[in-house]
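In what follows, subunit A forms one complex with subunit B and a second complex with subunit C.
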Partner chain A sequence: MSTTRTILICSGKGGVGKTTTTANLGIALARSGASTVVLDADFGLRNLDLLLGLENRIVYTAQEVLAESCRLEQALVKHKQEPNLALLPAGNPRMLEWLTPKDMQAIVALLEEQFDYVLIDCPAGIEDGFKNAAAAAREALVITTPEVAAVRDADRVIGLLNTQGISPVQLVLNRVRPKMMSSQEMLSVDDVTDILALPLLGLVFEDEQVIVSTNRGEPLTLSDGNSPAARAYSNIAGRLQGEEIPLLDPAKMRRGLRAKMRELMQTKIF
Partner chain B sequence: MTLKDLIDKLLGRQPASADTARQRLQLVLAHDRSDLNPELLEQMRREILEVVSRYVEIDLSETDVSLETEDRVTALVANLPIRRTL
Partner chain C sequence: MTLHLPNQRSQHWKDALPGLLNQESSAPVELDCGEWSLNCSDWQQLLQLLNTMGRQLRWIRSRNPLTVVSAAALGLDAHLEGNCEPTAAGSDEPDGLLIHQGTLRSGDHLQCDGDVLIYGDVNPGARVSAGGDVMVWGRLRGIAHAGCHGSTTARIVALHLRPVQLRISTAVARGPEDQPLDGLTEQARLDQGAIVIEPAETRRFR
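And then the complex of A and B:
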């Protein structure tokens, strides 16, 4: 059996950061020396190519690989600055009509022959697209934000991952706003991890640099940039590889008198 | 209750929205996870009361049947106080 780690990046709800996480984590793992492939399983709304800046270099896709009209090597797009990373692009949206879990397993089995990490960028929802992508995964990262709808949808997905025997399933909490958390206008980190009962692999703050980096097609982890999200994604990659990197507690980030006042206000009186 | 909650209450202010979010989530997830909607739960509650009432006299004003969740395990919790029969 291969020792490749095949990880599904999923969330249930759309727009919470699956593709952003896949791109940044892929680059960070590759930079640490692990040969990594990111698989765009969001055939309906493919975007991973764009976030990685590889959209102009796609010749073949997973579709041609499955149809055996090209070899895997021809479809893989190697990242220029980070040659340890390759993208297997999503095919035509019409693939959704015929793709089965078996097809995804076949593609992933090919990738597992030559990569240390296979990251699968999952589509939103819990229908066929999700089921196909999940069929090929061994472990999963569930991405959520501290918002009620995202947490509810994450819960649905976690239930499905559990019934499929995917393990471990770990949590990434994205778009955290420490200020709102400390004034209790946003679900806290503990609230979310308690409700979902998953180990927390990382926290990513709301960070404008995420948008800047997507504009450029250069994931934050590509350079030694020091924005909060860049650090968060590098830390997630480190923890995934077994490094012990402490988690920040956004509630304790604010110091000084105002933070002290807040703490006082949060003490339980009865 | 925290100091802030008390002050909010005294001033008639709304509680912080994170608390409301957490409570709403816990409730909706208990229903999602068990695939029970409030209507079915109510029907089940009535049937449980009916069965139990055949054996003991219960205090109908104090009964409580609800879903509670901890660590992804959802339980149906029924609290049915029995009237003392003298």
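And then the complex of A and C:
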């Protein structure tokens, strides 16, 4: 059995950050030296290639590989700046029918022969698209935002993952706004983990740099920029590889300068 | 005068109802649903049909507990009738206990004929229905239906009882909105047809 970690990135609800997470995590893992491939299983609304700035370099998809009309190496798109990262689109948007769980298992088996990490960007929903994408996954990251509807859908997806023997299933809480959390206008971290009962792999703050980088086709983890979301994604990659990195506590984020000073005084730095 | 929906085997109620309504006067309708199992969307269709015929629904009679529950959930005046209370009087024998280990997540629906003990949470969006008692060794935050075949003595007990909705037999109630005291196990039971929530009794279940 291969030691490759094949991880499904899923959420139930759309627009909560699956693709953003896949792209940033892919880059971060690759940077740390792990050979990584991101598989775009959301090919109906394919946009992982856009986020990675690789749109214009796609020629083939997994479909041609399985039909043996091209070799895997031809279909894999290497990232320009990060040679440890490759992208493989599962299909193209006009071909909504071909992918089956068997196809998915076949293509992932090929990828597992040569990569350390296979990240699968999953479509929203819990229907066939999700089931196909999940067919070859061994573990999963569930992405949610601190909103009631997103958490409800994530819960549904976790139930389905559990019935498929996918484990571990870990949680990433995206678009966290510390201000809204501390004023209780948004579900708190505890509210979310209370319901979903999963290990929390990371928190990503709402960060406009995410949108800027999305439009530029350069994931945040690619540059040395130090925006909160960039750090969060790097930390998630680290934790995924077994590093012990403490989680930020958004409840403490808002304590003003004075509280921080007091803390420093107590530690007798002054 | 009462309108009777047709026997399930002879005709579908949707086909029969317009004819039945035409025969009648314009008086408010008393509807006998017989054995039909009508869910909330059936009721909505039925109400719409009545509406377009300019008729009002006064009250409902049914021999099917599920029909009464869904009607009650929509705020209709519904009554269960007939010999449909299998566990109501004198039966000390529970239909057996089902133990479910693990949390029910959104979209899950656990059903059983006897009592059920859930060792885990019932999350928002999940449902549990039992012919007998529903016991949750964990947090109940979804929908629970005890006595779903009509038993009026069934109870719902949870370490943390804050469901979206509670049903016992044919009664429906929304969950309380305030948080329970920490460490207080609560139960819901029927008291004169209405669901009451109180600290759980320590006596053995049925």
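As a working rule, the second predicted complex is superposed on the first by the 252 of 270 C-alpha atoms of A that agree within 3 Å, B and C clash if a C-alpha of one lies under 4 Å from a C-alpha of the other, contacts with A are read in each partner's own complex, and residues count from 1 in each chain.
The definition used in the following text is that a contact is a pair of C-beta atoms (placed from the backbone, for glycine too) under 8 Å apart; a residue touches a chain by one contact, two chains touch by 3 or more.
Model, not experiment: these values are computed from the prediction.
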Of subunit C and subunit B, partner touching more subunit A residues = B
State whether A:152 touches subunit B only (first), subunit C only (second), both chains, or neither.
-> both
State whether A:216 touches subunit B only (first), subunit C only (second), both chains, or neither.
-> neither
Partner chain in contact with A:179 - subunit B first, subunit C second, else both or neither = neither
Tell me which partner A:188 touches in the superposition: subunit B (first), subunit C (second), both or neither.
-> first
Return first, second, both or neither, reflecting whether A:197 touches subunit B, subunit C, both chains, or no partner chain.
-> both
Subunit A positions touched by subunit B in one structure and by subunit C in the second | 148, 152, 155-156, 158-159, 195, 197
Across the complex, what residues on subunit C touch subunit A?
-> 102-103, 105-108, 121, 123-125, 141
In the complex formed with subunit B, which residues of subunit A make contact?
-> 147-148, 151-152, 155-156, 158-159, 181, 183-188, 191, 195-197, 264-270
Please give the residue numbers of subunit A that touch subunit C in the complex, ascending.
-> 126, 148, 152-153, 155-156, 158-159, 162, 195, 197
State the interface residues of subunit B toward subunit A in the complex, per the touch definition above.
-> 1-4, 6-7, 16-19, 21-22, 24-26, 28-29, 32-33, 71-72
